[in-house]
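Structures given as structure tokens follow.
Both complexes shown next keep subunit A, but they swap its partner, so subunit B is in the first and subunit C is in the second.
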Partner chain A sequence: MVGAACALYAARSGLDVRVVDRGPVAGGTTGAGEGNLLVSDKEPGPELRLALLSARLWAELGDELGAAIEYEPKGGLVVASTPGVLAALRDFAAGQRTAGVTAEPVDADRLPELEPHLAPGMAGGVHYPQDAQVMPALAAARLLRASGARLHPGHTVTGVLRAADGTVYGVRTDRGDIHAPAVVNAAGTWGGDLAALAGVRLPVLPRRGFVLVTEPLPRTVRHKVYAADYVADVASDSAALRTSPVVEGTAAGPVLIGATRERVGFDRSLSLPAVRALAAGAIGLFPFLERVRALRTYAGFRPYLPDHLPAIGPDPRAPGLFHACGHEGAGIGLATGTGRLVAQALTGKTPELDPAPFRPERFDTDGGDAR
Partner chain B sequence: MTERPRLAVVGAGPAGLAAALAAAERGVRVTLVDAAEQAGGQFYRQPAAALGARRPQALHHQWRTWERLRAGLDRHRAAGRILHLTDHHVWCVARDPAAGVFGVHALRGPAQEEGVVVRADAVLLATGGYERVLPFPGWTLPGVVTAGGAQAMLKGGLVLPGRTAVVAGTGPLLLPVAGGLAAAGARVAALAESAGPAALLRQAPALAAQPGKLAEGAGYAARLLRHGVRVLTRCTVVAAHGTDRLEAVTVAALDRDGSLRPGSYRRIRCDTLAVGHGMLPHTDLAETLGCSLSGTAVRVDDEQRTDVPGVWAAGEATGIGGAALALAEGHIAGRSAAARLRGTAPDPRRWAAAGRARTRLREFAAALDAVYAPPAGWAERLPDETVVCRCEEVTAGEVRGAVDPLGAGDLRTVKLLSRAGMGWCQGRMCAPAVAGLTGCPLTAGRRPLARPVPLGVLAALPDTDTGLPETGDDLAEAEVGRTAAEVGHPVADAGPPETD
Partner chain C sequence: MNPMELVRARPGASRTVTFDGRPLAALPGQTVAAALWAAGVTAWRSTRGAGRPRGVFCGIGVCFDCLVTVNGRPNQRACLVPVRPGDVIRTQEGTGRDDD
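The block that comes next holds the complex of A and B.
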């Protein structure tokens, strides 16, 4: 998804773009994502600024591509089960408002108006109209098509070509070299491996997320609904399972419940404790789901960096190399803003927001390019 | 270990029954878990007792083999060596590699809303196969059924699905289905088989090594002749017609290159079309356990072991080959599991006869597979507007669009971009058609949930890797999500175990 957005905005900046992927379109984490475009879960700071920019760009793409990418500006609803959690949530929302987020407190008695099937007894919530939804695989495929970029699916990058002076001039693939004055690393969870091919260090790690998908239902869940402890979970450094699922209805009918966040490496095998936690969390929010059937579950690997911010922009250690990866569970949502920033960096334009917090080389303590 | 080891056998068709009997005879406590109300699987499907069928054997071949299996099952159940759990629909088998313990998760009850888990030291997957049906215009009309579905109705319910039937597609199932329909009183207007008689002859050496099978085939053919059924070889269904339900089908002759011969189109009035294009193995449970596949089937060694310790597989799940092959494989798997569970290596010489039968029948299956290939060119002929994925109502045109212009190159991406295979059946029905339409290789889809599971059952799972309760080691089966009674394994003296 991030690569597709980079391709779109780079092409629209007048560049000739080629997209290389070892698999098919959306074959990595994109195809295992939920398509959450969230501002609600982000605290004031660089990620929220990127999310707000991205949300604006997604809305533009929604006007342009609309139903083809299943863009739905449905809004988010964060609920709190106790007065204590509610107070913390309201404080959090107040901070977000000063950063430009629309966050409307909702009293307990008004919750049923927004979500008629929500469990009774909630202390209250906050409504975030800027939260939205896309179908990630369709979005990636449609953005790539809209970009007009030439696609090279099924091409594995085996090396990054660097001149004697260190300048990057293309990539080597298992099916031949592709020359270009700029290479964008949008390899997601595998972005660290690609950086290593260029001889630079980018400590991207996988975090497993399971998603549960139910049978198709008439629209019964209207927003993206989740419990307030999710906000704390995103920044969690705990290796243990922490789940507070986002529950949402989709245009196609099924309810999506996700995602878990576990640090278990690249293990794709089914985790019954993970799906148990998802199901229990979802039923806690919407009791009617108890009798609804899960049709499938899938896992994806969210790429994260130690400070939980993505790496975006030029890499001074390898001139010509740009990074756009490490978005953790927010890669779909942050893709558009990332693509815009990368396109601006590629064409030497002033970036729309301060890119300093996303500097790819920020994890180097010695400043060198040794891995 | 003083306690005898416990083997869970999933599936009570020919392979599962043979395996359960072989293991139980050698001192293993077997829990036989099956979705049907009675043992037998699809091959030995029984009419519900309430229907009071007087001569169910009229619809069955190899009735004596079945009677032996059933007598063995009854004997071992009475002796407490086999616990037969009927109406248990397995949705997942979870493994704890460290403890060497498996949790077999099933749904039961009339609405399949009760979760139960079976504890086992080893698992034998005899999950069978399912039918491949390739789409054509009109295939979603009421009155169009799968060949296997028609057979199941005949064997299980003794209900005649219609009055005038056409049987079409390809594969060895079509003959008995047509014969069964005719014997049950339907008028079978035609049997349209897309394989040609010449192709059958080319496989003569392998077929000739199978006198039993040939006799079986000859028996079906004689039955068809007796009922005056027209058998059309190298012929395919072009379309099914009707407004509210099936009224007629158009069939046409296939040229050697797979194209339809002009002028050969013929319209046949009928109210039932039974159509099938062979079978595919059920591999969901094996895949989730991490077992390697070979093509679309579970890969096994000479002892029917998968590459996951403690997991065996037998029957159609390891490759489509029919009931006789399933019996041989199940027998070998059950003996191997019994020996391995006691910590000894089995002696293959003890199952030499079953081993020889397995070799012969696998060769036969490979020969059949070569004869009964889906008709060439069917995918190119399919009009864009024909629905391919019935659950999500995705048309052939939409499936093609996932490849061009959207750039999908494998089944998973086609699914993501077109929704084909995302519905109730999770692509079991449409995946072969989608593969054919898009030119993507047919790969087994990852389906960690082998069937739809109520969220309430998932939420009530014990918080362990296998989903087994922490306590209750001695129980063969525990309810999940209810605090009600737990079912213990019947305690009975099974006598001294027979050794290999």
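The block that comes next holds the complex of A and C.
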């Protein structure tokens, strides 16, 4: 997704773009995504600024591509089960408002107007109209098509070509070399491996998540709904399993229940405790789900960096190499802003927001991986 | 040749189920899909979008195309669910939950 957005904005800046992917479109990190375009789960700071820029760009793409990418500006609803959690949530939302987020407190008695099937007895919530959703695989495919970029699916990058002075001049693939004055690393969870091929270090690591998919239902869940505990889980540094479910309906009918967070390397084996906890959490939010069957589950690996911020922009350690990876669980949402920033970096334009926090070399210069 | 003769099957006594109110004979061990096919029924669901007819596609529980409502429960995979005497099988329209 991030690569597709980079291709789109780079092409629209007048650049000739080729997209190299070892698999099919959306066959890696993107295909395991949920399509969350969230501002609600981000605290004020660089990631939220990128999320707000991205939300604006997604809305533009929504106007342009609309139903083809299942763009739905449905808004998010964060609910708190107890007065204590609600107070913390309201504080968090107040901080977000100062950073430009629309966050409307919702009293307990008004929650059923927004979500008629929500469990009774919640203390209250906050409504985030800027939250939205896309279908990630469709979005990646449509953005690539709109970019007009030439695609090389099924080409594995086996090396990054560097001249004697260190300048990057293309990539080596298992099916031949492709020369280019600029190479963008949008390899998602495998972004660290691609960086290593260029001889630079980028400590991208996988954080596993399971998503539960229910049988198709009539439109029952209207917003992206999640419990306030989710924000704490997203920001957590814990390696242990954390499950605060995000529940959302989709254009196709199934309800998606995501997602667990675990650091277990690239282990794809199904974890029954993880999906069980997801299901239980979702039923806690929407009791009717108890009577709904889960059809399947899928797993993916969020590409995270030690400080939970992505790597975006030129890499001074390898001139000509640019990074656009490490977005953890927010890569679909942050793809558009990332693509815009990368295109601006590629064409020497002033970036739309301060790229300093996303510097790819920061783990070398800012005291390693310690947070 | 009758496939049961081919494998020299000697199934037990047939039982009765209904499909959209019509009684059908089903053999012990048959799936809902097998019983419907044996009765000449090849479509028992209409799609959510365009209302197109659907029946068995993969036949092994993977594709979720053969969904059907059994005893009031929608989205059962006809190719996996064994028939039981008295089962009430109904054509599934869309998500099968319009009455919820």
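Observations, loosely collected:
One rule holds in what follows: the second predicted complex is superposed on the first by the 364 of 371 C-alpha atoms of A that agree within 3 Å, B and C clash if a C-alpha of one lies under 4 Å from a C-alpha of the other, contacts with A are read in each partner's own complex, and residues count from 1 in each chain.
Quick note on the criterion: contacts are C-beta pairs under 8 Å (C-beta built on N, C-alpha and C of every residue); 3 or more make two chains touch, one makes a residue touch a chain.
Bear in mind the structure is a predicted one, so any value in this text is a computation, not a measurement.
In this superposed model built on subunit A, subunit B and subunit C take up the same space, so to speak, and clash.
Greater residue coverage of subunit A by touch, when subunit B is weighed against subunit C, goes to B.
Of the two partner chains, both subunit B and subunit C are touched by A:Pro216. By the touch criterion defined above, A:Pro24 reaches subunit B but does not reach subunit C. Of the two partner chains, both subunit B and subunit C are touched by A:Leu295. Subunit C is struck by only one stretch of subunit B after the chain A overlay, and of the options 5-13, 113-121, 293-301 or 419-427 that stretch is 419-427. For the contact definition in use here, the residues of subunit A common to its subunit B contact set and its subunit C contact set are 215-216, 252, 293, 295. The touching residues of subunit C, when paired with subunit A in their complex, are 48, 64, 74-75, 94-95, 97-98, 100.
By the touch rule above, subunit A contacts subunit C in their complex via residues 215-218, 252-253, 293, 295. Partner subunit A is touched in their complex by these residues of subunit B: 92, 94, 103, 113, 288, 290, 392, 405-410, 412-413, 416-417, 419, 422-424, 426, 446-449, 452-456, 458-459, 461, 463-467. Put simply, subunit A touches subunit B in their complex at residues 23-27, 31, 137-138, 141-142, 144-145, 151, 153-154, 212, 214-216, 252, 254, 257, 269-273, 275-276, 278-280, 282-283, 289-298.
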